[in-house]
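Below are two complexes that have chain A in common, paired first with chain B and then with chain C.
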Partner chain A sequence: MVAEHVERADDPKAALAAIRVVGADAFAPYLLADAVFHPQDAAAVTQSFALFPPPVTTPDPPPAGAAEPWLVAWRDWAMATLLARLTDAEPGGALAPRPTGAPVLTEADQPQGGGDTDGQDPGADAPDDSGRTDTDWQRWSVRMGQLSPLALPGLEGPVHTAARAAPLALARGATRAVLRRDFPTAARITRWLALLAAEGTRVPLDPVPLLEHLRLHGGGPRLALDVAIARRLLALETA
Partner chain B sequence: MTASVTRTAHQVSARALTWLHTHRELGALPADTTADLGDPDSVYKPLGESALAASLVLRESAAGGTELRLARELMDFCWRQFGDGDMLYERLLRYSMMTDPLETYAPFARCGIRHEPLERLLAHTSALRSVRGAEVLPNRRLAVANAARVAGLDRGAHAYDWSALARATWLGATPEPWLIDWMTGYCVTHTVFHLTDWGGHPAGLPDDLTAYVATWLPVWIDIWAEIEQWDLVAELMIVGCCLPEPYCAPADWERLARVQHADGLVPRDGDPVADDPGRRFEDHQHTAVVAAIAGTLAVSRTLGGAAEQR
Partner chain C sequence: MLAQHTPLLVAPTDTTALGTAMVEPEAVLSDAPTYAPEAAGFLLLLALVSPKEPKEPKGK
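So, the complex of A and B:
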């Protein structure tokens, strides 16, 4: 499927870039449905890493480092890790290094974001002029949404630990995004809720009607992909 | 954190109460008003709301001496406007199905300002199946039940079925929190106000609804603050004060203090505020009432007082 996409493209370089934009979700048909992963697919993904190599060193997590390169590094890691898994590559042979840290949540009524949150600055929750902090549930949930390609079976790390530690903040973030009519963000955050629910964690919000609402109200290919993956995670669609 | 909420909430409510007191004559009934009230929402209803705010300041007794005096004077002003209760009596005498005489009377009854003929008439009217069966929104039915409770009419054979009343509301269905709209937001706030008698009886909110509100309240405050719906935001902040474990976020209080004008006016939303004094009072009187109540309850709850000990 991935190789076919590159072969058919008028501009193979753009097609290889597109694979990286979709990221780990390009593997969803193999992980969540019955698509067969061929050696040519692996070759196409490997080629995309060769053409657009991720940085050798991983950026510092925010607030010490900028958020965007760190988010990209996590998404690269997710893709590289799943490629290694699907090709039975040697452990440690992944094409992108694992970043450190997870989005930090510091809310009075929330437990801290799990044990595996290395490299955090204790000053991260200093309030700004509006009394908001960079680590409140509002911003934390948006950042988790930006990491939605990590919400796939077969991936494990501090971001997953952070998600499991804060189903309430995820549910609030998804609800807030729907009410703000930011349906793409809502779909991304709801993927984490779907993953947690699929693992048997009690979540404060039923993701099933929410996903249907997003599917019917939202638009765009990214939202459609996030909703489709979340529905697969919840086994609402099979085959 | 708690100390900062107490201080900010006191400041907001003291200023809002002062503003209501200073401009009270702008909310006086026209001289030719009769109990028929062609437009009950114009002046009559706001007077009742000012009396409600004052009655809660007095009930909580968490304000300073100045504020308690202003609250008493505001109560007296409103009561005089209602002809020392005669107007409410005449209105109920003429319109037996109307619930506003009872609802308007409740804050006065709460403070021991009574009108005996009205009470006799209320006891008779409010017990009638015809009145109880009137078709009204579920949260409005709760408003009547709570007014009856405050006036001492919720007892014996005429006690209200609070659980059934709660279940009939939107909140009672513990609905998807992501579909709430502005009007439904007001339905939620009023359901909580009346079930808990404005934070005086936090246990009046059933446990599952308490958990539901505690889960989603921060989201609703966040989204309506973003679009500067200050009146609804302040009502939701009252809701936070009505919970068994009050939710009073320092950032919410600092934000409300920032939008309050120097003279105590609290704008109902982000639109420009008129210069004309009459227009200012008309547009923003409700939000001042809400802010005065929210601040009063936040001070009281953060100090651990007033709401019944359970």
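So, the complex of A and C:
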């Protein structure tokens, strides 16, 4: 499936980059459905890592380091880890090192001023690297959404521990994203809720009708992929 | 595989663009509906001046 995507592309470089953008979700058909993983698929992913090599050293987690390279490092780690698992590679033979840290959340159970206010530009509250603390549930949930490719079975790490520790913050984040009509972000955060629900954790927001709402709204192929994976996690789709 | 036989050159801008695409930030602007009480009168006016529902023609 992955190799076929590269083979058919007019621009192989863009196709290989797209594999990295999709990230670990490229393995979802092999983890959650009955797709067969071929060695050519592994070769395509390996070539993507060769063409766009991840940093040798892992970036520091925020606030010590910038958020963007750290997020990319986690996503690369997820993809490399699943590739190693699917190809039965030796332990430690992953193509990307494992970063440290997880999104930090403080005051998880304290609503902070009711969240965004109408008419204000939420972009002003977006995570930044200017030294401002960005550990409230609004920014934390967005950051967890940016790490949504890690919300797959077979992956485990501090990010998953952070998600399990704060289902309420995830539910708030998903609700906030829906109210902002930022449906791709809502779908990404809902994936964590779906993973927690699939693990048997009680989540304060039922992800099933939320996923249906997001599916009906649409919002591009990435949202469709996130919703499809979440529905698979919840065993809503089996065909 | 096609890509294995094609020389691929990566520019620094390609790497930067890939990193940006992988981060997937939230939407900058919120599209949340805002409360607009002054719109109530306008909506009421629209409801009053809107034409009636068309009726099924008889005799068919």
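Here is the rule we go by: the second predicted complex is superposed on the first by the 214 of 239 C-alpha atoms of A that agree within 3 Å, B and C clash if a C-alpha of one lies under 4 Å from a C-alpha of the other, contacts with A are read in each partner's own complex, and residues count from 1 in each chain.
The rule is simple: a residue touches a chain if its C-beta (ideal position, glycine included) is under 8 Å from a C-beta of that chain, and two chains touch if they have at least 3 such contacts.
Owing to the predicted nature of the structure, the values given are computational and were not obtained by experimental measurement.
Chemist: Applying the touch criterion given at the start, work out whether A:L210 contacts chain B, chain C, both or neither, answering first, second, both or neither.
Modeler: first
Chemist: Applying the touch criterion given at the start, work out whether A:R191 contacts chain B, chain C, both or neither, answering first, second, both or neither.
Modeler: A:R191 sits against neither chain B nor chain C.
Chemist: Pick one for A:A174: touches chain B only (first), chain C only (second), both, or neither.
Modeler: Touch partner of A:A174: chain B, not chain C.
Chemist: After the superposition on A, what does A:W137 contact: first (chain B), second (chain C), both or neither?
Modeler: So A:W137 only meets chain B here.
Chemist: Looking at A:H160, would you say it contacts chain B, chain C, both, or neither? Reply first, second, both or neither.
Modeler: Neither partner.
Chemist: Just to be sure I read the superposition right, which of the two partners does A:R232 touch: chain B = first, chain C = second, or both, or neither?
Modeler: The answer is neither, since A:R232 touches no partner chain.
Chemist: Under the stated touch criterion, name the partner, chain B or chain C, that contacts more residues in chain A.
Modeler: Per-residue touch count on chain A favours C.
Chemist: Pick out the shared contact residues on chain A: the ones touching chain B in one complex and chain C in the other.
Modeler: Residues 127, 179-180 of chain A touch both chain B and chain C.
Chemist: Using the touch definition from the top, list the residues of chain C that touch chain A in their complex.
Modeler: Residues of chain C touching chain A: 1-4, 6, 8-10, 14-15, 17-32, 34-35.
Chemist: Once bound in the complex, which stretches of chain B touch chain A?
Modeler: Counting only chain B, the residues touching chain A are 1, 176-180, 215-216, 218-220, 222-223, 226, 250-251, 254-255.
Chemist: Which residues of chain A touch chain B in their complex?
Modeler: Its residues touching chain B are 108, 127, 130-132, 137-138, 168, 171-172, 174-176, 178-180, 186, 204-206, 209-210, 213.
Chemist: Touching chain C in the complex: which residues of chain A?
Modeler: 3, 6-7, 9, 12-13, 15-17, 20-21, 23, 40, 43-44, 47, 51-52, 68-69, 71-72, 75, 116, 118-119, 121-123, 126-127, 142, 145-146, 177, 179-182, 184-185, 188, 222
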